[in-house]
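Read through the structures below before going on.
Paired with chain B in one complex and with chain C in the other, chain A is shared by the two complexes that follow.
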Partner chain A sequence: MSTLDDRPASSAVGEAQSANPGGVAALMQSPVAIRLGAILLLTVGLTLLQLSGRAFWQGFVINLGIFMILVLSLNLASGFTGVFSLGHIGFMALGAYGSAILTLPLAKKADYLPNLPAWLAAVHFDFYLGPFPLGFLLATLLAAGLVAGVALLVGLVLMRLSGHFVAVATLGFLVIVRVILFNADNFTRGSRTFSNVTPYTGLWWVWCWAILTLYVVWRLKYSAYGRAMFAQREDSLAAQAIGLAILPPRLLAFVVSAFFTAVAGSLYAHFITSFSPTVFYFDLTFRVITMLIVGGLGSVSGSVLGTVAIMALAEALRRLEDVTLLYGMSQITLAVILIVIIIYRPNGLLGRREIVLARLFRKGGEPSP
Partner chain B sequence: MLKLSNLHVYYGSIRALNGVSFQVNEGELVALIGSNGAGKSTTLKTISGLLRPRQGAILYEDADITRTAPDRIVALGISHCPEGRRIFGGLTVRENLRLGAVQRRRGTDMAADMDWVLSLFPILKERLSQSGGTLSGGEQQMLAIGRALMSRPKLLLLDEPSLGLAPLIVEHIFQIIRQLKQQGKTILLVEQNIHQALDAADRVYVIETGQITLTGTPEELKHNPQVEQSYLGK
Partner chain C sequence: MRAAAEDLTAAQLMGININRIIALAFAIGSGLAAIAGLLFAVQAGQINPYMGFTPVLKAFIAAVIGGFGSIAGAVVGGFVLGALEVLLTALPGIGDILPPGMVSPGAQALIQQWLPSSLTGYRDAFVFVALILMLLFRPNGILGRPDREEMR
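== the complex of A and B ==
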């Protein structure tokens, strides 16, 4: 438990400064150095993976990053505020279709989506800044911005609800998005596959976004907004009695979360390059929720841990399936693991605590403050 | 400072307040006493905007706050320390206190208020990084009062601060309530601990089944046969 903490690394700063200032040891207790080190390690890892040319593992790590964004976002919207959203994959779908329409080459567009309104049919985000596909970034930001606007409208209505009501209502949102995607075939090709999306998404795209999401969600947790989110989750009457308005923190969490969920949608679309509305439904919803619950509602590092754990486990089980020929076993095992976790660790692996990297390097036996 | 006139409040179709009127003057410590279900907490919740009256009006510093949102009411200077403490158990003591200051205008000196609250409740200083849920009942009550004070209220609504606490702790809490009054806070206190309430208050209202039935100074009420019989057990 000595590595688990409730508070941001800033509390560790003071301790690190008072700790012995002996070279490497001191460096290993400075949160800034540790964060830089972690990013450096990630960079080296990604570079090696990129150079290795192992397409399977590259794909795996890209997926890992996309899911990490999804889980972190859902944690912000649901874990921090206690307003459980089952509709987030709807935001992901809108982000995916939105940005894919913007980046689709003009010839493909005329071929694929002949009934697109003229102003949209002439749009192709293929701007480059040297080798950097600026158009992809802009399309992602634009789509995510639009989705955030949708989330604001939806949230203004739904974030006033609580408990089971909001879960059912957000589920309704997911169903509505799906029906719209199926029927707006001028924009989405309806139930037919939307394909030939330019494969922009790579390791760097995904992990830069993932790190940004991690940073934003972490900062929010320890901001005044984050305190407000957790306070109204615990006791909304007490929160109101001391002057907290319930709606603004919930709405902020919902909108920021929808933005990053849509970003994940855009990354996903430009990674798998062909998809249909069926991709963005219950299956994906439950996978993300499983990762969130396993990690712990309210814990940022828990989201990272939950995503890695479930992704790794699913992959290992899939391989075991291939060997043993017991197909379907992996899904059953994952479901059983989820049940076991809900029984024995109902708050997930971390609850709402955090793993503070600085503490991992500290020698044991120090009193936890 | 605060004037309630003819408040009628319902929970669904159940009537909780049936025409409550009273007032609290600046600098006073007014106690609202009564038995379970008489409408004491309902009155406080209505003042702080958590419940809406079906009829009647609440005037605070000559402004009508009957329909004002709870967060605006706190910003106007009324802070409500709810019954049963209701601190945020998963957050640290420091976070609980900071949340109490959420409605304060930016740039005001939160550190000074934190120091002031911690000087009232020195025990909280040792607990700052502990999560609220690990505190004892008395400490939680102190935290709840401290949290309510962090908004720098002019009028403090205290709902049963003695609830479930050992007599010695109750004594301590009431000392602090007297201290707050000396520092110029106006306080509306709801209590079932009649002896403590009568000892601390300037004026007392007795509420029964949603109506104010008696009012007076503590001395008058102590010798009122009805109060003696129903509340003081003589």
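== the complex of A and C ==
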């Protein structure tokens, strides 16, 4: 499950080590080997899950992957730059609706959305390349690309604000998206449920995108762009004084994060197959923010940990609820646990630190050089 | 209370028990909100557990528009927001108020098709656009006084 990487900065050291002959011990310290090992482990786990045919757990793991993408990208936008966005679920909604409209087969589209403009009614991304649903991939990329464009325009305005103001303004963006989705009947069926979406999303789709998101966010964190994001978050005056512009790193984080949020929206749409604008609102917003804050703002592995912790806890409590018949207790307990975490670990479980797989192994083995 | 709002650490150094002040402010604010809730429920004639959400959001917007920390600002913000909402609901759409003959019939049809005949559905969107404009151009609200840029 855990797919945490070594930081790219130290990979040169790691590769030098792995070049030394030394068998398993040396291999255990090579970040590349550990990365491949983690991906292999995940692949084996997913294959087993796929073969087991347990629909419930498959659904749970798909949801886990989707939330991981959401939390990681929100971390990029909010944790790295300190610009707190409450509007990301709006990007998710746009991604979900955009890709769902694109993948709808022609016959269904004519039936279901009769008032679409001609150019949109004629496109259908439901083609396959052999067994591979290429149309779904293209529709996701197209929708996410469009959303990234929207994010660029919105970001050019909103990323100039900071503090509480940007939170309120992004919240405004969420409300505006919702109002538009409700009123653009011709495209979204308004407040009626949008169903008939082909269920493309499976374990592999979600986890390939999740790994890609993890990789991109991780690389960004230790790139020059990422350091600029953290610098202007720590002290905007000092960052400006050494010649860092405030807007470009914020905008980059916002746009990349909107792209992946839209991807998560597309995956979600093709997973639950029917939804309405009410799905993408405060409830989802606060769930993602909870996972982010529990994990730690600015920590990539914290996002992974926070998502897994909250999802597992919520599921365990829900089961307990079914046994004890105390309905509603799970939400209360979850809220109390959150309050306790915030009081005792105000920076989340990990704060800004990272769990580094290679270091975990090193502790068990010989001391690091 | 105002000292604590200005600078928590400095207020503490002056011997003010800031935790007590914050708790007190929270209690008074909650009490006033409960009175508003009572009035709201009596006016609406029905209650549900989620009824407080929209008013809180709107109160927040009104506070931003009027200016945080200013009592008169809260009043002004509330009135401005309320007037804006009612106007957006009551005014007809652009397609309906254009005098006949001002634009060609084709353009008129296009406007009526693409611009909503009433803005009611988009009310919240306009309110938030107004809010975002407010935040960009007068972040301290109508009556708030401008902050000094703080150097640390």
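Heads up, the rule we're going with is that the second predicted complex is superposed on the first by the 344 of 369 C-alpha atoms of A that agree within 3 Å, B and C clash if a C-alpha of one lies under 4 Å from a C-alpha of the other, contacts with A are read in each partner's own complex, and residues count from 1 in each chain.
Criterion: a residue touches a chain if its C-beta (ideal position, glycine included) is under 8 Å from a C-beta of that chain, and two chains touch if they have at least 3 such contacts.
Small disclaimer: the values here were computed from a predicted structure and weren't measured.
A.B. asks: Could you classify chain B and chain C on chain A, in the superposed arrangement, as clash or fit?
C.D. replies: The answer is fit.
A.B. asks: Between chain B and chain C, whom does A:Val179 touch in the aligned arrangement: first, second, both, or neither?
C.D. replies: Only chain C is touched by A:Val179; chain B is not.
A.B. asks: With chain A as the corner point, what is the angle to chain B and chain C based on their C-alpha centres after superposing, as a multiple of 10 degrees?
C.D. replies: Apex at chain A; the opening toward chain B and chain C is 70 degrees.
A.B. asks: Contact-wise, after the overlay, does A:Arg352 reach chain B, chain C, both or neither (first, second, both, neither)?
C.D. replies: first
A.B. asks: Which partner does A:Thr278 reach: the first (chain B), the second (chain C), both, or neither?
C.D. replies: Neither partner.
A.B. asks: Does chain B (first) or chain C (second) touch A:Leu237, or do both, or does neither?
C.D. replies: Both: A:Leu237 reaches chain B and chain C.
A.B. asks: Determine, under the contact definition given at the top, whether A:Val168 touches first (chain B), second (chain C), both, or neither.
C.D. replies: Second partner only, chain C.
A.B. asks: Go through the superposed model and pick first if A:Gln50 touches only chain B, second if only chain C, both, or neither.
C.D. replies: Touch partners of A:Gln50: none, neither chain B nor chain C.
A.B. asks: Can A:Leu158 be said to touch chain B (first), chain C (second), both, or neither?
C.D. replies: second
A.B. asks: Measuring by CA atoms in the overlay, how small does the chain B-chain C distance get, in Å?
C.D. replies: 6
A.B. asks: Same chain A residues contacting chain B and chain C, which ones?
C.D. replies: Shared contact residues on chain A (touching chain B in one complex, chain C in the other): 235, 237.
A.B. asks: Can you tell me which positions in chain B touch chain A when the two form their complex?
C.D. replies: Against chain A, the touching part of chain B is residues 48-50, 69-71, 73-75, 79-82, 86-92, 95, 98-100, 102-103, 129, 131, 147-148, 150-151.
A.B. asks: Where on chain A is chain C touching in the complex?
C.D. replies: 157-158, 160-161, 165, 168-169, 171-173, 175-176, 178-180, 182-183, 235, 237, 282
A.B. asks: Which residues of chain A touch chain B in their complex?
C.D. replies: Per the touch definition, chain A meets chain B at residues 6-7, 11, 224, 227-228, 230-231, 234-235, 237-245, 352, 369.
A.B. asks: Which residues of chain C touch chain A once you look at their complex with the stated criterion?
C.D. replies: 53, 57, 60-61, 64, 116, 121-125, 128-129, 131-132, 135-136, 139, 151-152
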